[in-house]
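Okay, so subunit A shows up in both of these, paired with subunit B first and subunit C after.
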Partner chain A sequence: MSFVSTAITVFSLLLLFHAGYSAYEFSHYLKHLTVNSNATLPIDIITETIVATCLFALGQVFGADKLRPVSFAKWAKGLEREGKSPFAFLERRPGYMNVTKLREEYASTKK
Partner chain B sequence: MTTIIDTLRNAHTTSSYLNLPAESLQSLYDTSYKFVTSGAAARSLRPEDLYSVFELHFFLSIIAGKDSEASAILTTLTDRFGQDSHRVGVLRSIYFEATDGPVKALEFLSGRQDTELGTLKRKIVILKSSNQTSLYISELLKLVDNYPSDAESWAELASAYLEAGMYAQSIFALHEVLLLVPLAYNINALVGETLLLYASSLQAASSSHSLATEERLLEAVKFFLRSVELCEDYVRGWTGVLVATKRIAEIQNPFSDTSKYKRLYDVARKALTKIVETKDASESDMNAAQLVLKNY
Partner chain C sequence: MDEKERKQAIYPVSTESLQQNGKTVYYIRSVTSTIFGVSAGILGLESYYGFLFYFAGTAFVSLLLFLLLARGQPTEYFTSANDIWMGNALTGLSSFVLTWTLFYGLVDA
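After this line comes the complex of A and B, so read on.
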């Protein structure tokens, strides 16, 4: 998670908390300090909630891991470059390992 | 950053120790030795990873000639899995083959169950190393009859036929491998390479260009293109396409229309030069690509 994405996420959570607290305050004042209540939740609190949600989503997306390939060809290319091919065993054939030959080759080059 | 565990785990799954040069194998053995004997492996790994690392350490010790180390790790594995275990039996037979010789190994293997695939493979390898080629191929054929879904055995059979110069049979065996592992791009390239060798042998046998040679070359291009389709920027595949299309272009009076193969030649050349320019491959692959680009 990079610094920017963490910052955006934290800021969005603060905004969300602020919007929620404002909504609670609004309903509290509505109940205790007015007689007839036709008022609806102010538009700015609603906007603040929506903006906070969008910012949170943005923050999480920017902090996500690097995308890995979807197509087989690209994934295979990545593995091949790293030397981790899942099909290498078909050409190396560990079940048929020729022990004596491998030992001789190693011993001769180590001389 | 690759950790020691990742390196060792990768070496175990891809069996890279079978192809490594001596210095790399020495350093891999040193890493494995330090990791295993220090107890770090036993402390930090889950059981499935731990015993894979032990098995890898066994193979490395055997190849590096460290027989006492191999014996110690074999004892550890036997204590955990018991004498009757299939994989432990295979390791023990390898140990006997390395230290006492193939006769002792065969003696040990004949005492094992008939149904163990690993045991059958070891018996066949002992035949190969004692140079009994025809018996080796017939035993492999028997194994492949009983276990037709084992891609490794079919690949071994293909390699045996190739060494004996029986190209058609080798290609048949490789087709069987592809039936089992259709996405194996390296085997697709290998089929292409075997077909090129087959075409060469047919061309050398007859004085004029034959239909059979041309058919092999056209088929080879198909397999190389399939390997490139399965693995992007696969150097082995593109060099194969280049060589095969060049040889097709050199045919004086082809039996079929070969114009599209000239376009394929240009495509392959472009792809290879791009790989070489962007240095997108390993050292040996780059050298091979440059060599092929120069000569074809």
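After this line comes the complex of A and C, so read on.
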């Protein structure tokens, strides 16, 4: 997880906690200190909750691992760049060496 | 060989990539489902509105996945384009209901 995505996630959780505490206080006051109990949550708490959830989803998606390509060709290309090709065992096949040719090459480069 | 098998033979699919992508999407969906439950509890949503909130949130997360992770090319990272919109969409439902009921009870003093 990168720093930006962690920061966004933590901030959204703080916002969510603040919204939740505000909603709890609101409903507490409504029930214990007023007579009218038909009020809905104030619009700023609602906005804060929705913004916090959207930010959280954004933070998680930003910090997720990159998706790997699914076609075998592209995936193997990425691996080969790092040097871990799945077919590396085919690069060197001792049973198919042409010894005379290799001897000639060596002789020609030695001069 | 029918068309699909032929296509699989010519353009094979790497199962390791498929599994990794599935794991990433599954993690994102389950984690965001719990947070959707928390907000549904805080907002005091009840019965149908709560589930509607869950499906709206899942659709939002699908949109984010499509735009940011798959960069508009879902077939390059999943076998079919439907996998990014509806794949694992219902796995977070139980976490959602769990946190929803928990926070509804907590906030409703």
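As a convention for this text, the second predicted complex is superposed on the first by the 81 of 111 C-alpha atoms of A that agree within 3 Å, B and C clash if a C-alpha of one lies under 4 Å from a C-alpha of the other, contacts with A are read in each partner's own complex, and residues count from 1 in each chain.
Heads up, the rule we're going with is that a residue touches a chain if its C-beta (ideal position, glycine included) is under 8 Å from a C-beta of that chain, and two chains touch if they have at least 3 such contacts.
The structure displayed is predicted, hence computed values, not measured ones.
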{"item": "Contacts of A:A76 with subunit B and subunit C, given as first, second, both or neither", "value": "both"}
{"item": "Touched partner set for A:V4, first subunit B, second subunit C, both or neither", "value": "neither"}
{"item": "Which of subunit B and subunit C A:K101 touches, first, second, both or neither", "value": "first"}
{"item": "First, second, both or neither for A:L14, with subunit B first and subunit C second", "value": "neither"}
{"item": "Partner chain(s) touched by A:T53 [first = subunit B, second = subunit C, both, neither]", "value": "second"}
{"item": "Partner chain(s) touched by A:A39 [first = subunit B, second = subunit C, both, neither]", "value": "neither"}
{"item": "Touched partner set for A:A88, first subunit B, second subunit C, both or neither", "value": "first"}
{"item": "Contact residues of subunit A, present in both the subunit B and the subunit C interface", "value": "72-74, 76"}
{"item": "Contact footprint of subunit A on subunit B as seen in their complex", "value": "10, 13-16, 18-19, 21-22, 25-26, 59, 62-65, 94, 97-98, 102, 117-118, 121, 124-125, 128-129, 151-153, 155-156, 159, 177, 181, 183-187, 190, 229-234, 280-282"}
{"item": "Subunit B-touching residues of subunit A, taken from the complex the two chains share", "value": "72-74, 76-77, 80-81, 83-103, 105-107, 109-110"}
{"item": "In the complex with subunit A, residue positions of subunit C that touch it", "value": "11-14, 16-18, 20-21, 24, 27-28, 31-32, 35-36, 38-39, 41-44, 57, 60-61, 64-65, 68-70, 76-79, 103, 106-109"}
{"item": "Residues on subunit A engaged by subunit C in the complex (per definition of touch)", "value": "16, 19-20, 23-24, 27-28, 31, 41, 45-46, 49-50, 52-54, 56-58, 60-62, 64-76"}
